[in-house]
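Look at the two complexes coming up: chain A is in both, with chain B in one and chain C in the other.
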Partner chain A sequence: MLQFVLRRIAISALVLWAGSVLLYFLVVNSGDPLDELRQSQATNREQQMAALTERMNLDEPWYVRYGMWLGGASKCLILACDLGVDRGGSDVNTAIVAAMGSSLRLVTLATVIAIVLGVAMGVLSAIRQYTAFDYTVTFVAFVFFSLPVFWAAVLLKQYGAIEFNNWIADPSVSLVTTLLIAIFFGLFASAIAGGDTRRRGLTFGITAVILFAFITIFDAIDWWVQPALGPGLVLLLSAIAMSFFLMLTTGLRDKKVLITGGVTLAVGLVVYFVIQPVLEEPNWWLILALAASTIVVGGVLGYFIGGFEKRAAMTVGIGTALSFGFYTFFDKLLTNWGGYLDIAGRPISTIGSGTPNFGGNFYETIWDWSTQLLLPTIVLTIISLASYSRYTRGSMLETLQQDYMRTARSKGVSERVLNTRHALRNALIPITTIVAFDFANLIGGAVVTERVFGWTGMGALFQAGLDAVDPNPVMAFYLVTGTAAVVMNMLADIAYASLDPRIRR
Partner chain B sequence: MAIAAAGALALTACTSDSGSDSGSDGADSSGDSGSSGSAAGPAKVDMGDVTTNDDTIYYSAGEQEWEAYNADTSATNSTYNAVVMDQILEGFVYFGTDGSIQQNEDFGSYEVTSEDPFTVEYTIADDAAWSDGTPITSNDFLLQWASSNPEALGIAGDDAIFDPVSDSFGVYVPDGPETEVDSKTFTLTYPTPYPDWEILLTSPHPSHIVESEAGMEAGELAQAILDKDGEALGDAAEFWNDGWIFGDKTLPDPALTPSSGPYTLDGATWNSPESLTLVPNESYYGTAPATGELVFRFVAPEAQVQALQNGDLNVVEPQATVDTVQQIEAMGDQFTLEVGDTLTWEHLDFNFADGTTFAEDEGGLAAREAFAMCVPRQQIIDNLIAPINEEAVVMNARETFPFYDNYEDIVSASYDGRYDEVDIEGAAAKLEESGLSTPVDVRIGYSAPNQRRSDEVAAITSSCNEAGFNILDEGDPDFFSAGGPLETANYDVALFAWAGSGQKASGEPIYSTGGGQNFGNYSNEEVDAAWDTLAASSDEEVALEQVKIIEKLLWDDLYGIPVFAHPGVVAYDSSISNVIFNSTQTGIPWNAEQWVRAE
Partner chain C sequence: MSENNQEPSSHSVVDDSDFSIEKKLDFSGKSYSQGELVRRRFFRHRAAMISLAVLVFVTLLAFTSIGVGPIPGWWGKSYLNSSSVINAGRPTLSLWPFAIGENPFGQDNVGKDYFALVMRGTQRSLTVAFTVGILSTLIGTAVGAAAGYFRGWTEAILMRMTDLFIVIPLLVLAAVVAKAAGGTVWGMALVLGFLVWTGLARLVRGEVLSLREREFVTAAEAIGASSGRILMKHILPNTIGTIIVSATLTIATAILLESALSFLGYGIQAPDTSLGQLISTYQTSFLSRPWLFWWPGMFILVIALTVNFLGDGLRDAFDPRQSRGED
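Presenting the complex of A and B:
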């Protein structure tokens, strides 16, 4: 294993170096850095050109300039990177750190959501292979996959930001819209639920009626500008989360696990009321501490109530407790939406990663972040959703046809256990490789999204550098994304080996 | 399309005129829309007494961020730095809406006291002071002079210690300002007259900060400069060069960056790389800014229109395209669109190098005239420019713009309208007269890709090919590169744009024999002589007279054909008043301190 890793590192370093030479050569020859000045009519034009020539060493051949860059960049090995200055004389080190922070914020959430949604879509469409649901997911995935990012972004800005902001100023949902939404989600739910016509009809009816009722009530109480979940909805949503975890583990057959979930919900409800004053003006450390204690409580409950199914009970306990905690927090967050609206006016922004000089409380600041993150995250999510869902579907289908699945089925293992425990886990193994690689890709690949939404991240750095025929920022970009790609690939290989016992040699 | 950053001299600060005759009803002019004025003249309107409100206005000049307090070094001289510093630093002059030079009376005044030698006396207003309380004095201008590495200080040429974008001050005023330490007045003497003397001085930087950062006593720096002691300036130069560049993207100690303008960095916030918020300078000696917070957001042009519609930006200068204009028009009355001309102008220049089609030894003047007759200038404007700017006209001059007062005067004296209409028959006759055998190949070179220029060439092709030319579209990404077609004169006609600098003598290297930007090797002794006369005089009348001579000769010889001034687009939230489109180097924020949103 060690030899394998070392060999991978050596090859990767060589690839990185060769790539850097090629990229430097290409950037230097991509245009004329003095282009703008040549058209200038200013009398000090020659001086400006001389100054720029000196700062960028334009009088040296490209390989000498590359050598200078490499000299500074190789100091990264001793953790003292010197990536030089850009065309304007600014330090590239500072710029790249800021850009990385910005890009990571943008990309992390989008990647996580894309993975969760993509895998879920893939699993469901594999289980419901060749149904209308499967075809619809396939169709939608491909449509999203082929969307031009800039176009999708402009449309999102129009409807997600400008029109939404107009709507939120005086929100109301018409009867027709309510009906359409209810019918759409009703159809969606019935497609997922599957089964015979009666079951699907029932699912459709129930979902549509519930949604219709909620939207009508929300509209009546002006929930859109003063939303909250309240203890009732928090309990309901947590109960749904609990059934999800039950489904993943023992189902309804083990009473003790079921009791664990129930007790956790009861404890959660008590804590919900107790914790309210604490949540008035929290900070992130407090939230983290609360989350940690929630995990402990859920785990302890599972441990003591679970009996023989300790592990399953603890999973359900922790899962349910965390969900309850999350919804409690989310409830608090929602009640601050009104305050945020008062400050922001038009909540969803089309550019930037935060309202300049935003001065709200803890929750309002979270709202400010999330509303600004919303649109770019949606764009990034829908373009990577397709590949995840397709890979998962393919991998899941392959697993479902394995001999051991047939064996398990013939032993009488239920479909639920078959899908969650035997199929899904094995199907996820190849996905890890894609996830690792995609993450590295996304860090550098959000060029268009960043530009359209005015985020100055890695993409902007790269593009600005290339536009100005300024090699230093471009090379810094390369250094980070190239290294990330290499490291992530290596991690994926190692993870693969540890996940799949068959190749652990 | 590359539009050059305007020169350092163009980056003068702006302010409102002194409120000497402020509105009689001071009580209600509390910075609301009532104090808006129509832009009758080119200068800033009198706002009367302004009480700064606590509103915020968002503006974007592009995606590049501000990063330096000193925008006069060669490293920091960009429009992105200048557009912010124009709100913070002031000087004696600013550009009016028509590009004219306006005196900033709040800051001080100046007058010519002698024509020979040309002498100007400057007086800084008594109450003009930095935001830290230090008066603005001749010390600051002494530093400005020293920072141009003048000969007299022994720091010129290879010994230069400052890194300025321009050395004009030291070159034209070799002896420096005549003054005393801490004086409110100083005198400049020009051994040779200089036509652009009014914009020679830029907004000064605080010398007392440089002084203390260099470890000098108060007045020591100014005294050293007066004593012509260049050696004492080493530490000061070091700070001037680097101390005001903020590479780490955080605002410095506000004590280092005092303000002399309506807004200040003291209390400002910089969310690098997204926005910079300026706050009012409480101790400003001029008219207070109308709006409390001026936020510069760094946003790419293509994202600006939707940002305007969503209220993320309130004043924008997006790309001037037909799409942008239609998009903004479709946004309704809530937003105001203004279009006009900018200081960048498109032109077709002939190549005079021996052996090329239009050189004297080949087609000569007749061939050039034939080409000028068939170029459909009006059609190019109707098809490509008018959809953006309905008022766009064919440009018939090189040293002035259609929106300048002197345009009619100069054009009527230099050009009789002979190329206004396309004349295919006339062109064919002229071509025959030139002796070239048709079809005559004409290589039009420009920097590709550029859709508008490709369209222009297509229009020229369809018209001129009828007259016997064979137009070759030679758009090239390397057109402007060192060793590219323009520099090596490897073209017959060059299609590109110059960015006006606001200086009178800036055309000299373009049109005089052997000039650095005279790419086509044009040469005419009379033109050279006229430029010499112009450049050696500081008299407006002389300059105007010589420009007329130059323009006439350039038309008669057909140096090239001016086509149009590039259109510019400004859009803003209609609730904001005092946003005025203008064709100055400073762009739309020339009067940003007057912008105010109606209550």
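Presenting the complex of A and C:
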């Protein structure tokens, strides 16, 4: 395994280097950096041109300049990057550090959401092949495929952000809207649940009634500006998460696994009350430490209660514990929404990647980030969601037709175990290879998205550099995105190797 | 498939046994060649057929309305001339009662007829997309076939090129090259065509890799067929499905890529226009003149969507394993 990873790293480094040569050459030859000055009427024109030539070393051939850049950039290996200066003479290092955070946050978040949602949609539509759900997902995926990013982004800005901000100023949901939402999600749930007419009708009814009740209550107590989950909803949502993990592993068959989940929920409820004061003013290290201890608790519970089904019990335990922790955190986050609204006024941002000099507390800062990230992330997710769901559907259908599936079915494996253990794992193998290509695609999409939303991120850096025939910012952009892509690729390879043991040679 | 329930009476009437067998064969249905089967499946694919009709309609509309080059079209106004702005340039198209009016898609802020502009943009985008589709299919097939059949350096180059697109996003590379190529339609088409073939090449390589181990290739080698003949006559015809489907999807990619580049300002330059450029130009007027923003976007969406559905229909026709198997 180690050898496999090392070989991948070596190949990736080579590709990264070759790409940098190509990109440098192309950028340098994409125009004349002195063009603007040649046309200027300034009296000190010659002097300015000489200064620029000196600063950008324009009297050297491109490979010498590339060598200089590579010399500086290779110091990154010893954590002392020197990415040179841009056309105006300012340091590229500072610019890239400022731009990097928001862009990588955006792209990574979008990738993760797209993978999770896309795979789920693909699997469901494969299992429910040729149902209304399948046709709807297929159609939606095709529309997403064909949507020009920037166009969708502008639309979302108008209808997602501005309308929402108008609404949150005086939030109330009319009866008709409530009914429509309830009916829509009821239909959605019944389409996923499948089964015969009675089961579908029941799913529809229950979902619609519950949603209707919740929206009406939320509306009455003005939940939209003062939201919170409270222990009751946290418990309910965690129980739903628990049943999801149960469904993935043993179902209700194994009592010990079920007990693990129940005990985890009980422990979580106690911790919920104990931990409240700690969560008042936390920091990221505390949150990470809490998450780690949650995993340990869930795992330990599963290990000791699980009996013969230790692995399944640990999965359920960890999954439930993590969900409980997440909802507890989310509850705390929600209670700070009101405070954030007071600061921000119109919450969903359409321009920029962060409010400068934002003075809120820990949670309000998270809200600030998330509201800035929300729209661009949706746009980027839409781009890759379509391809993930289509590929997953295809590969899942292929797997479902394999002989070993029939064998498993004929020896009496239940449909649920068949789908989750036998089919899903094998269907995921080809998806991992798409992740690598898709990540590059997303970075390209991010360049466009950032422009629509007016972010001063990596995309802006790249565009400014390219427009001015200024290789250093472009190369800095490439260094970061290329490395991120290589890392992503590596993760995908490792996932591939762990899903398919034959690859570990 | 259809087991004909012949009436027992037919046996009694017929005294010639040969005739009865022939009749049976005849009754068991017409037999189809591979190409006919594919065509039948494709024509039965409802989404693909609707898409084909819509795409043909859009193409005809774009090219006949304002004409191509020196040939004038039936639409009187030009995308270059402006006239006085009527009614704040609102679209005059109405569906009920149906009326086209003076400026069906409205006018832009200097009074240019927006229908003519959008048609011009559609023409440009379609031209780029189809040129890219043809060019990249030719390159991709040639490289992929050579890489899969001869292995060696062609394969090494192809695989490294593919790796390159993992580290440099296609859009970024296309932006850099397109900027150097300088904003004409054909420059754009060439740039994209020389960049987007790697996906197809990989697919063809994969197919060729497995086909070259098959018995019929060994047989062809044994009777002394040349490499070129084996590739052209025995291997490539078997990959035609992959190639056609991938070519279709490349066209959709090219439309979106071209419009994204135009939006960023590296695509087709003024005074010529493209759908992406129109959106880029008018995105700030979304609140005051939303139609300037809606029409070009809708056209990009419709073209890309129909092309994608066509690709899907073709895939089902060539490889019916994943579709509802009818024949």
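One rule holds for everything that comes next: the second predicted complex is superposed on the first by the 380 of 505 C-alpha atoms of A that agree within 3 Å, B and C clash if a C-alpha of one lies under 4 Å from a C-alpha of the other, contacts with A are read in each partner's own complex, and residues count from 1 in each chain.
Everything that follows uses one rule, which is that a residue touches a chain if its C-beta (ideal position, glycine included) is under 8 Å from a C-beta of that chain, and two chains touch if they have at least 3 such contacts.
Predicted, not measured: the structure shown is a model, and the values here were computed from it.
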For A:V15 in the superposed arrangement: first (chain B), second (chain C), both or neither? second
Could you look at A:G71 and tell me whether it touches chain B, chain C, both or neither (first, second, both, neither)? neither
Does the superposition put A:R451 against chain B (first), chain C (second), both, or neither? both
Touching A:F437, do we find chain B (first), chain C (second), both, or neither? second
Quick one: classify A:G205 as touching chain B (first), chain C (second), both or neither. neither
Figure out whether A:G31 sits in contact with chain B (first) or chain C (second), or with both, or with neither. both
Classify the contacts of A:V143 with the two partner chains as first (chain B alone), second (chain C alone), both, or neither. second
Between chain B and chain C, whom does A:V154 touch in the aligned arrangement: first, second, both, or neither? both
Of all the chain A residues, which ones make contact with chain B and with chain C? 31, 154, 158, 451-452
The chain C residues in contact with chain A across the complex are 160, 163-173, 175-177, 179-180, 252, 256, 259-260, 263-266, 276, 279-280, 283, 286-287, 293, 297, 300-301, 304-305, 307-309, 312, 321-322, 324
Please output the residues of chain A touching chain C within their complex, sorted ascending. 11, 15-16, 18-19, 22-23, 26-27, 29-31, 130, 142-143, 145-151, 154-155, 158, 394, 397-398, 401, 436-437, 439-441, 443-445, 447-448, 451-452, 462-463, 466-467, 474, 477-478, 481-482, 485-486, 489
So in the complex, the part of chain A that touches chain B is made up of which residues? 31-32, 34-48, 51-52, 55, 85, 88-91, 94-95, 98-99, 102, 154, 157-158, 161-162, 165, 345-346, 348-354, 356-357, 451-454, 456, 460, 464
Which bits of chain B are touching chain A when the two form their complex? 2-10, 56, 58, 63-65, 67, 74-78, 163, 165-168, 245, 247-249, 269, 271-275, 277, 293, 295, 297-300, 302-303, 306-307, 309-313, 447, 477-478, 480-482, 484, 486, 496-501, 503, 505-507, 509-510, 516-517
